[in-house]
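This is the structure I want to talk about, given as structure tokens.
Chain nomenclature is as follows: A, B, C and D, assigned in order of appearance, with residue numbering initiated at 1 for each chain independently.
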Amino acid sequence: MTKHAGQEPPVPEEDLKRFFKKDVFCNYVGIELKEVFDGRAKAELEIREEHLNGIRIVHGGVIYTLADLAFAAAANSKGRVAVAANASVSFLKSPKGHRLIAEAWEVSSSRTLASYTVHVSDETGELLAVVQGLAYRRPEKIVEVFDRA
Amino acid sequence: MTKHAGQEPPVPEEDLKRFFKKDVFCNYVGIELKEVFDGRAKAELEIREEHLNGIRIVHGGVIYTLADLAFAAAANSKGRVAVAANASVSFLKSPKGHRLIAEAWEVSSSRTLASYTVHVSDETGELLAVVQGLAYRRPEKIVEVFDRA
Amino acid sequence: MTKHAGQEPPVPEEDLKRFFKKDVFCNYVGIELKEVFDGRAKAELEIREEHLNGIRIVHGGVIYTLADLAFAAAANSKGRVAVAANASVSFLKSPKGHRLIAEAWEVSSSRTLASYTVHVSDETGELLAVVQGLAYRRPEKIVEVFDRA
Amino acid sequence: MTKHAGQEPPVPEEDLKRFFKKDVFCNYVGIELKEVFDGRAKAELEIREEHLNGIRIVHGGVIYTLADLAFAAAANSKGRVAVAANASVSFLKSPKGHRLIAEAWEVSSSRTLASYTVHVSDETGELLAVVQGLAYRRPEKIVEVFDRA
């Protein structure tokens, strides 16, 4: 996807999905990683009662957490461990549908920093939030961390 | 706290706490609003198994959600309804303690926009994340929305 | 471009360019608006000695100012006045070329808030910075403000 | 200022000021670094005709550039080279005065990342913009880079 993509062989999708299945908080919230490969990822959530805030709309924390999983999966799909350093979220609309979808893609990647855009929509296609994520790459390979976790 | 603070009488703390008790997602995650008055708020969380991510550290979504409640409470404490328009989160350290504390305060407020800073720490005083939140004020009074919700 | 795009007839490109020619600071810095229409804009800059910082690379303020013009032009191209409320800039690489190009496009637009992405590259196509901009729409029409300024 | 502050002796203020005097763009814009020491910095600007935008208010790029210098000076005052990775700017009000003042301070610092807050005000004390800056620390010492530049 970018010039640095080839530094490490991309991690197989099944391995990445198996690793992110260990994300306890995402499981607790009901978020599922649907796709992840070579700098891109897609996560989904069925809206349930426990996702609402005090005025009965989906909580900003739910929208952020969904985006965060897609961002983390995309950022860690290239072989080296990446951790979120900064995320800027713009909240644009309230969902009208019943399902939330986050799609993340890499816009730039260097040796130490990589930038991702995440769009969160509902199933009607309405864009609800945009996240700009900046990840910091660590020297470890992702497969080593998988094995330890 | 700022020049616009006096436009409406600040909402009594007990009313604000009662309203934010209706925040279903924060209840589900185990977040409690401890203090809220006149542009400031404090929220807390005991770290539990369900808050962890795949590498067994507190999930970024948990840290964001805790900060979001403090931000929302601070922003809505002045009388007029405020909704989050943008939040920028910098993730600085992983928690070493057992409890997370978010403290939010207003840094500026005009008729339509207001800016908040949130610091998320653990109980050892270590700063884990900083959030810069921008809220958009709507014409409705907060007490009217409280009654409807 | 988005559902709200049609609320007002888009402003003719020549009118928008004529208006942004009055931007004194962009003229001083040497930034030129090349294209602007219906939620998109492109601005350019030839790198000169006065754009450098203390370590002889292009100043972050120059990159931001270039992105800001593209963001402002895109946000004001739809008929209603829009002002920047928030911008988050990720600095990814230092330019290797001699010219900087900022391209802005609208990713979402509602009655009061609109979101823009800006990519700043050099002429070799290397992506140097990504900006996520959030604009707040005011009730005035852009042509009225043009006439006053 | 933070636990990592002591890792290197802080750089003398006169050395930092002398280095930032080489910032060509800040000189061109008329920005002056007034104070810088141990994670804090203050920069100022007299508002002139060339700082205005098309509607005759101070350009967002000027406000950002002023904040960026204070951020950079604060981030580089501790001994190790720091480069801006992300900056989130909230624009709150238009200046009523004739002078702009940016004050930056470190809120957190670890081995690789450090976080800064910058407040930009006019001389009446009105807060105009808030910047949250995230810097990435490189292994080089700042004095080595000073000597090369």
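In this text, a residue touches a chain if its C-beta (ideal position, glycine included) is under 8 Å from a C-beta of that chain, and two chains touch if they have at least 3 such contacts.
Please read all numbers here as calculations on a predicted model, not as lab measurements.
Colleague: Where the centre means the average of the CA atoms, what chain is farthest from chain C?
Modeller: B
Colleague: Identify the chain pair with more contacting C-beta pairs: A-C or C-D.
Modeller: Spelling it out, more C-beta pairs touch across C-D than across the other pair.
Colleague: When the centre of a chain is set as the mean of its C-alpha atoms, what distance in Å lies between chain B and chain C?
Modeller: About 32 Å, centre to centre.
Colleague: If you average the Cα atoms of chain A and of chain C to get two centres, how far apart are those centres in Å?
Modeller: 28
Colleague: Between chain C and chain D, what is the separation of their C-alpha centroids in Å?
Modeller: From the centre of chain C to the centre of chain D is 23 Å.
Colleague: Could you list the positions in chain B whose residues touch two or more of the other chains?
Modeller: Chain B, residues with two or more chain partners: 85-86, 88, 90, 113, 134.
Colleague: If you look only at chain D, which of its residues touch chain C in the complex?
Modeller: Residues in contact with chain C: 19-26, 28-29, 49-56, 59-62, 64-65, 68-69, 72, 83-91, 145, 148-149.
Colleague: Across the complex, what residues on chain A touch chain C?
Modeller: 86, 88, 90, 92-93, 107-108, 110, 113, 115, 117, 119, 127, 130, 132, 134
Colleague: Which residues of chain A touch chain D in their complex?
Modeller: Per the stated touch rule, the residues are 85-86, 88, 112-113, 134, 136.
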